[in-house]
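Presented sequentially are two complexes of chain A, the first with chain B as partner and the second with chain C.
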Partner chain A sequence: MSEPTQCVLIVPCSGIGKPFGTVSREAAYEVVEDLRPNQTHLVALSRLVMGDVEARTAVATCPAITLDGCKLACATKMVRECGGSVMRGFAVLDVYRRHRDLKPHGIARLNDGGLKLAHALATEVTAVVDSLVAPSCPAEIKGNSHV
Partner chain B sequence: MSDLLRRKVGVVACSGEEIAEGSVTRLAALRVLGYLRPDDTVTICLPLFLAGGEGDRQFARVYPTIAVDGCEKRCAARAAERYSGKPAASVVVDEIVAQAGIHGVAGRRQLNAAGQQAVKATAERIALLVDEILGNAGDHHTAALETPAPDEGLQAEGETTCSCGSGIPVQNVLIGGEMVTFIALPLIMQQFRAAAKVPDANTARELLDTARIYTAVPDGADEAYASALLRVYTAFCEGQEATA
Partner chain C sequence: MMSIFIETTVDKFTFKVATDRAYTPEGLWVSATGNQVRVGLTDYLQQRSGDVAFVEVKPEGTAVAAGDELATLETIKVNTSLVSPVSGRVAQVNPALEDTPELINSDPYGEGWLAVISVADWAADQARLLTAEQYFKQMKQQAEEDTKKP
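Let's turn to the complex of A and B:
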């Protein structure tokens, strides 16, 4: 296992055509804003696409967790394209297969099932974050959910 | 008109997840695509320019595009130009917000009231640009802009994302010693022929106006391109008559 890190990058899908993309973003926001705000940082895919120096440097120096909304896996591909390490790549569809009762609807605004699916994904992401961050990191906010 | 040649505008939103203005671009694009101009627009996903490969770039080349950016980095405009062609138009939320006198846009996860205003203003600007590009000014009742956008409507689950591009015919034309690839030119000429347009100077101008929707024409090259297109169209018509 790699050395513990101080910060983990969360890179969600940028898709705007399907609810699964929205689920990936909602889960990412829940992790970086609610669940592990001190250990995670959100990176916009568009900045990686255009080779933004700051974003690429972050990807090159911090482990990343990607959240993809479809099989094209743009987030995972882009992080690797930028020389980053994808410690875990999540596909929303895989999470949905484990939670068939949480069918997402809505792109601009998720239905209740979509929000709960995002929460389930965020919980899985958080577990990976916890396995990566250094023990000396600031105490994280635990048990904080919005759904 | 052939479905392939139905004029549409591709909307490329930066969707920048780190800032509220990025969320504004995403929601404004959705409003245009799903409600304001659903028949005139398609979405082009920014990361697909790289992750989707040549097929998605080809898709973007076939449509004139409007880049919608949240900040001055202009990732969407730059990506569109790098991987497909210069956008027909470009908007930046920061500028629209300033022009509209909207203050305090915030909430990348859940936009505040100012953010929602920004979505509406940005969507309306995009819709107007779509009309300008397609020459549809006045075709859409402005009252529709006041109606809330439906949340659904882009793609049903299971549809293929960006199923596009492949199989679109192209034609190479020698212009000024350089070979230029015109996307969809064979279909354009078929359409003109079916409309009984004779090869003359007026038709050359119309050909150029139609061809430039799908293929970039360099500044100052209109005359050379029109002349070349007239030459190709004349040969096309002669070939059609010979086989008739």
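Let's turn to the complex of A and C:
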């Protein structure tokens, strides 16, 4: 099995109680756990906010893709504040505008439309991950899919 | 011409009201030039509604009476029906909103306008609307009540 060509961090919105935030996290889980488990790592936004050293080091080391649930764009802002590189910032709302039939509802558990919207976002994120892959992944990040 | 605003900060939110136009209690602004009025959402209404996903305004040529549905708004929080503040005919729909409905959020009193309506009797319509000061007072009270809700 070939080594991952580069680690790409996926940083979703941490907004709890908002369907669009939940969509961002569902999409992030799908990318990191199912679609590109060897090339991506999830960083919890809350850990960046809390100043967690491991999370901040990861962000400073690897390129990031951010998934924001609203225009406040907390994930994108926080990664930049931590000195990270946002290679692509996704807004769930933009994806929803392209998939109007997939209206997300629910918070703890998304409706079918929300889950499908998350999958659509995950698919777009995966395409960006594939365009970013490069030679190596820092050793301290390897083997730990959630940071 | 640059608008002058009065504003208030409630909790962490700041809401602006342009002083050069009239308002509906529901949060639409109306700016008249001759027998045509331009209509849009107030800063308070757009912030309260959330990020706009889609807006659909009645097509040009549609006759509307004050209180009739003028547009529907879908945001990340709510689906809202916006009623016309005046009676007349839709003369122009903001073409920019088709591709960039977020203009309603980013520039509610400017580029984010909804429609221009040709009015039959502006004086009669205007008499039903609020002045900027009246709307500001009502909006401030409503915003403060919102912060008390759990």
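Keep in mind that, in the parts below, the second predicted complex is superposed on the first by the 129 of 147 C-alpha atoms of A that agree within 3 Å, B and C clash if a C-alpha of one lies under 4 Å from a C-alpha of the other, contacts with A are read in each partner's own complex, and residues count from 1 in each chain.
Here is the rule we use: a contact is a pair of C-beta atoms (placed from the backbone, for glycine too) under 8 Å apart; a residue touches a chain by one contact, two chains touch by 3 or more.
Keep in mind that this is a model prediction, so the values were computed, not measured.
K.L.:
Going by the contact rule set out at the top, does A:Cys70 touch chain B (first), chain C (second), both, or neither?
P.N.:
Both partners, chain B and chain C.
K.L.:
Which partner chains sit in contact with A:Glu33 here, chain B, chain C, both or neither? Use first/second/both/neither.
P.N.:
So A:Glu33 only meets chain B here.
K.L.:
Comparing chain B against chain C, which has contacts with more of the residues in chain A?
P.N.:
After superposing on chain A, more of chain A is contacted by B.
K.L.:
After superposition on the shared chain, which partner residues are touched by A:Ser46: those of chain B (first), chain C (second), both, or neither?
P.N.:
first
K.L.:
Please indicate which partner A:Arg100 is in contact with in the superposed arrangement: first for chain B, second for chain C, both, or neither.
P.N.:
Touch status of A:Arg100: second partner only.
K.L.:
Output the chain A positions appearing in both contact lists, the one against chain B and the one against chain C.
P.N.:
Dual-contact residues (chain A): 18-19, 70.
K.L.:
Could you pull out which chain C residues touch chain A in their complex?
P.N.:
50-51, 53-54, 76, 102, 105
K.L.:
Could you pull out which chain A residues touch chain B in their complex?
P.N.:
Going through chain A, the ones touching chain B are 12-19, 25-26, 28-29, 33, 42-47, 49-50, 52, 70, 72-75, 77-78, 81, 105-109.
K.L.:
With touch defined as at the start, can you tell me which chain A residues reach chain C in the complex?
P.N.:
Interface residues on chain A, with respect to chain C: 18-20, 69-71, 93, 96-97, 100.
K.L.:
Residue numbers of chain B touching chain A in their complex, please.
P.N.:
Counting only chain B, the residues touching chain A are 13-19, 22, 26-27, 29-31, 33-34, 43, 45-52, 73, 75-76, 78-79, 82, 108-109, 149, 151-152, 154-155, 157, 161.
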